[in-house]
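Both complexes shown next keep subunit A, but they swap its partner, so subunit B is in the first and subunit C is in the second.
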Partner chain A sequence: MEQFAPVKRSKDGQAVQYLIVDDSVFARKNLGRIIESFGGQIAGEAGDGLTAISEYDRLKPDIVLMDITMPQMEGIEAAEKIVQKNPEARVVMVSSVGYQENIVAALQRGARHFVQKPVKPEVLYEVIKYVLGEDGAVASAAGAGA
Partner chain B sequence: MTQFSDERGSELRDLFFETAQELLQSLNEDALKLERNPKDREIIRSIRRTVHTLKGDSAAVGFHELSELAHTLEDALAVEKASADVSLAEIGFTAADTFGAMLVAYRQQTALPDSSAVRNLVQQLASSAASSDAGTKSPDTPAHIVWTEYERLAAQEARTQGKRVFHVVAHIDPLCAMPIAARQLVANAVSSIAQIVASRPEAGAAVQGTSIDLLLATSHSEAAIIAKCQIPTVIGKATCSEMVFESASESPEESEQTEQSIAEAKTEGDQDGSRDRRTLASQTLLRVDAERIDNVLNLVGELIIGKSMMQQAIHEYARRSPKDPLRARFGDAMSFQARVLNDLQRSVMKIRMVPVEQLFRRFPRMVRDTAQRCNKQVNLQVTGQDTDLDKSLLDAIAEPLTHIVRNAVSHGIESAAEREAAGKPAAGTITLDAYHQANQLIVEVSDDGRGVDVEKVKAKGIRNGVVGHDEAARMTDSEILDLIFRPGFSTADEITEISGRGVGLDVVRSVLHRLKGTVELETHAGLGTKFRLKLPLTLAIIKALLFRVEERLYAIPLNTVAEIARAKESDLHHVDTWEVLQLRGQVLPLMRLGQKPAEDEVGSHAKLFVLVINFASRKLGLIVDALEGEEELVIKALDDQTIATDLVSGASILGDGRVVLIVNLPAVVDRFTSALTTTAPSGLFLADGERAAAAGAGVRQ
Partner chain C sequence: MKMELIQPFINAADAVLSQGLQSPMAIENLSMEEEAYRFKGVAAMIELSGDIEGRIIFDLAPKTAARVASHFAGTELPETDGLVREAVCELANQVIGNAVAVLNDQGFKFRVHPPALHTSEQGPKSTEDTEALVLCFDTADGPVFMNIALRYHNPTAQAAAVGA
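Then we have the complex of A and B:
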């Protein structure tokens, strides 16, 4: 996989922590690999919206990558609940074009950004940098990962 | 079972055709509006929305050519720079015509029509928009958006509060496939430092588009706003200019130019033809509130009352001066009026009629689902779906019919193994049929299942106390079968035991009775069962036979009367609690509506009339005192406050102002049969009659 200049947390220089929410194991694995190529770290995974909320509370990750269609609780609702409780939460919706309306809804409810499925690493990379804003810093040295 | 998915598909297509017609209608309407108000952006947006919906819908049912054309048009309309002028209206009309023609082609499965007229116009529009784009483009004058007056006022208001007002144009990254979400994100981003006064496309509008125009009020700088708009992967480029408030006299050249190029395109097409078709299309379909039609029907009803008033007056006149030559002229005028009135009534009723298909449509799916649940193989055949029926009646029989069909699947049709053992094809067949007979609609549900076992029904009826042992022994097969419509005949857990009929069939019957219809069944052991629902075509006007009981006027629907017989009290006999009359060798059970004459009069030679009634496959006699004639009655519904008996279903006013009560035959028969086991039910109307008279007074008001 293509390697990117790692994005670190600017406050402590540590790897950015991610919570990946998707009901498909494959999708989670795929996202995980992409994130690792950015020098990020997977703090946790969730297969449905309810778990996502409790995992967010437990892990307080820097970024949540959230699928739209999931069992139990859909991504929009989960995103909304997370942001309501944690206004600082950075939730990025990950979904296919067909769910554009749902993405709009999620954005109205506090999601920060969206990425289209299938996820292109270079797109997600830009989105992550944007969403982190000043809290993220691109490390000059290609250090993390192999 | 693939047949069902086909049917499901056709159901979807029907729905699509229906909604597509409405979309075309609104497309036409919008185009007309646009022709009058060429500068109105709102209309263009509405057109675009319509085309977008059409695109999505047609793709969903697999009409790709239509979807593709709609897509092309939608894209062309999405060019915000395109100036609104008459030509856009023309595009709207042409597109509506072409879409319409395509729909017809899809429906009739013929070759698709030529769509080049629309494509040419779209191309003209796109190229003119592109040239105007190239010609005048400069980041500081992105001014083709027309803000509404309200938006302008809001902007001015913000400025008086010391804010700066900017017009921001953000171009959506061509790689971003979700422009609507992109616009939302831009809005989210800028709203942290600015107030969004207006946006084009509007927030949340399902318009794809390639850019977003925002009118912002802010205390921040231009640069800060542009920075906010720079969103990687979503927004490619953003420009920002301070809003200038002046009269909207901007760049008339551009719109002129577009107008011209489209005008050229217009001369190529067969403009006149398309315009004619357009008016035709908008005339053939009308959506009218059902209430308005009811109003008309009501008025027609009043006219019919008026007609009988006239008729009575003329009769009276003719009687008084039989020699007057004017009499004949009155008569002619009268019959002419009657004829026209008849036609008028039929035409109005026709408006309310819808094909039974609307109801039948739901059954393929339901039969499939039920059959699957019961693990049976069932085919559904539907015929007569073009038969018309009053919409309100159609809605009312939906439930009972569903019930019967479901019963037929779950209980009528045997399992595949049982069927094969009986030498029948493994898959059972259920047939739905509808047709008109005289003034009635008949709906039949037949199955080729095991049929209803008469002996079991009889045993069951006796066991449940629905019928007495002696009585049951005397009953004919059809009378016994009729027991299954009685309340309390069977309970859910026992149904399968007696070939499964019975659950809630009493409910089916009571619904049908309320609609002045009947339900009956015909069954042959091992061959199948047929349920037959009979309904009047309309509830509003009936032909009725008027008669008198104890000086009070009543009516029953004429089509239920098989014949009128005369008898003397001495001809009547008693069997059990029934009074019967021997009519041409057949025993006719009688129902006496009035009071039975005193004992000493029995055996007298007093004459009475017996109306022989066809009621749910049996014949009954109704004893009445005198006949008054036939009349067309306009039924006035009686609300619960005016009437306290179910023996009367409505009332009507005669030409001379008298009130006639319409006998609710099913309820009367019910009353007699249920009273049968207790006491002699003669003099039925006596008690209820008093209240009925009060009701009559209510109607007159």
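Then we have the complex of A and C:
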């Protein structure tokens, strides 16, 4: 897999922490591989919206990657509940069901961005940098190899 | 079965498989089947309900499923690995999700149900559908079968969508 210049947290230079939420183990593993190619760390995983909420409270990750169609509680509702309680939360929806109505609903209910599956690493990389804004910093190539 | 219903699924399968396998693919075979469907290997079936009703089956021989899953996972997976079945479900989810996005933006409203996994180990199984379009995609990892049986449930939505 292509390697990207690592994206670090600006405040302490540490790896960005991710919570991956998807009911498919395969999809979670795939997203995990992509995140690691960005220099990120998987803080935790969840297979449904309810677990995502409790895992967010426990881990306070920098970014949540959230699927939409899941059992127990769907991703858009979980994103809304997380953001209501934690306005600073950065939730990026990652779903194959990328029609306009769904995207608008996700953004209106607190998600910061939407990425369509199958995930293109270069697209997710740009989205992560955008969503982190000044809280993220791209390490130089020299720094990446150090 | 109307071609305007089928085309988004063909386009989505082409896009998802080509990207995931990082190699071009072609439709090797296309046929209409009226007999009950028999699963060939590792199969994920997804049902749709709403303005459009029916089901789509993704079906791969066990060896092909392992090769495709390995490609998507970026690591070698044996046929027996549970992730292979997960991968086939995720592949089906992605193809159907992408196609549904196109149809939804055309005005069709429907619900996509979670995939149900079937394997040939469970013995021959069939669905009750009487007419289905069967496509065989020729990929570098082997043939991938997509069996589509869809129909309009709501004629008003069909007219509105086609006229839009």
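The rule is short, and it goes like this: the second predicted complex is superposed on the first by the 137 of 146 C-alpha atoms of A that agree within 3 Å, B and C clash if a C-alpha of one lies under 4 Å from a C-alpha of the other, contacts with A are read in each partner's own complex, and residues count from 1 in each chain.
Operating definition for what follows: a contact is a pair of C-beta atoms (placed from the backbone, for glycine too) under 8 Å apart; a residue touches a chain by one contact, two chains touch by 3 or more.
This one's a predicted model, so the numbers in the text were calculated from it and none came from an experiment.
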Touch test for A:116: subunit B only (first), subunit C only (second), both, or neither? both
Using the touch definition from the top, say if A:104 reaches subunit B (first), subunit C (second), both or neither. first
Report the partner of subunit A that touches more of its residues: subunit B or subunit C. C
With the two complexes superposed on chain A, say which partner A:69 touches: subunit B (first), subunit C (second), both, or neither. second
On the A-aligned overlay, A:27 touches which partner chain: subunit B = first, subunit C = second, or both, or neither? second
Let me test your reading of the model: by the given contact rule, A:126 touches which partner, first (subunit B), second (subunit C), both or neither? first
Where subunit A meets both subunit C and subunit B, residue numbers: 97, 100-101, 116
For the subunit C and subunit A complex, residues of the former touching the latter: 16, 19-20, 69, 72-74, 82-83, 86-87, 89-90, 93-98, 100-102, 104-105, 112, 114
Which part of subunit A faces subunit C closely enough to touch in the complex? 1, 23-27, 29-30, 33, 69, 71, 95-102, 116-118, 120
Hey, which residues of subunit B end up touching subunit A in the complex? 175-178, 180-181, 184-185, 188, 204, 206, 231-234
Partner subunit B, residues of subunit A touching it in the complex: 97, 100-101, 103-104, 107-108, 113-116, 123, 126-127, 129-130
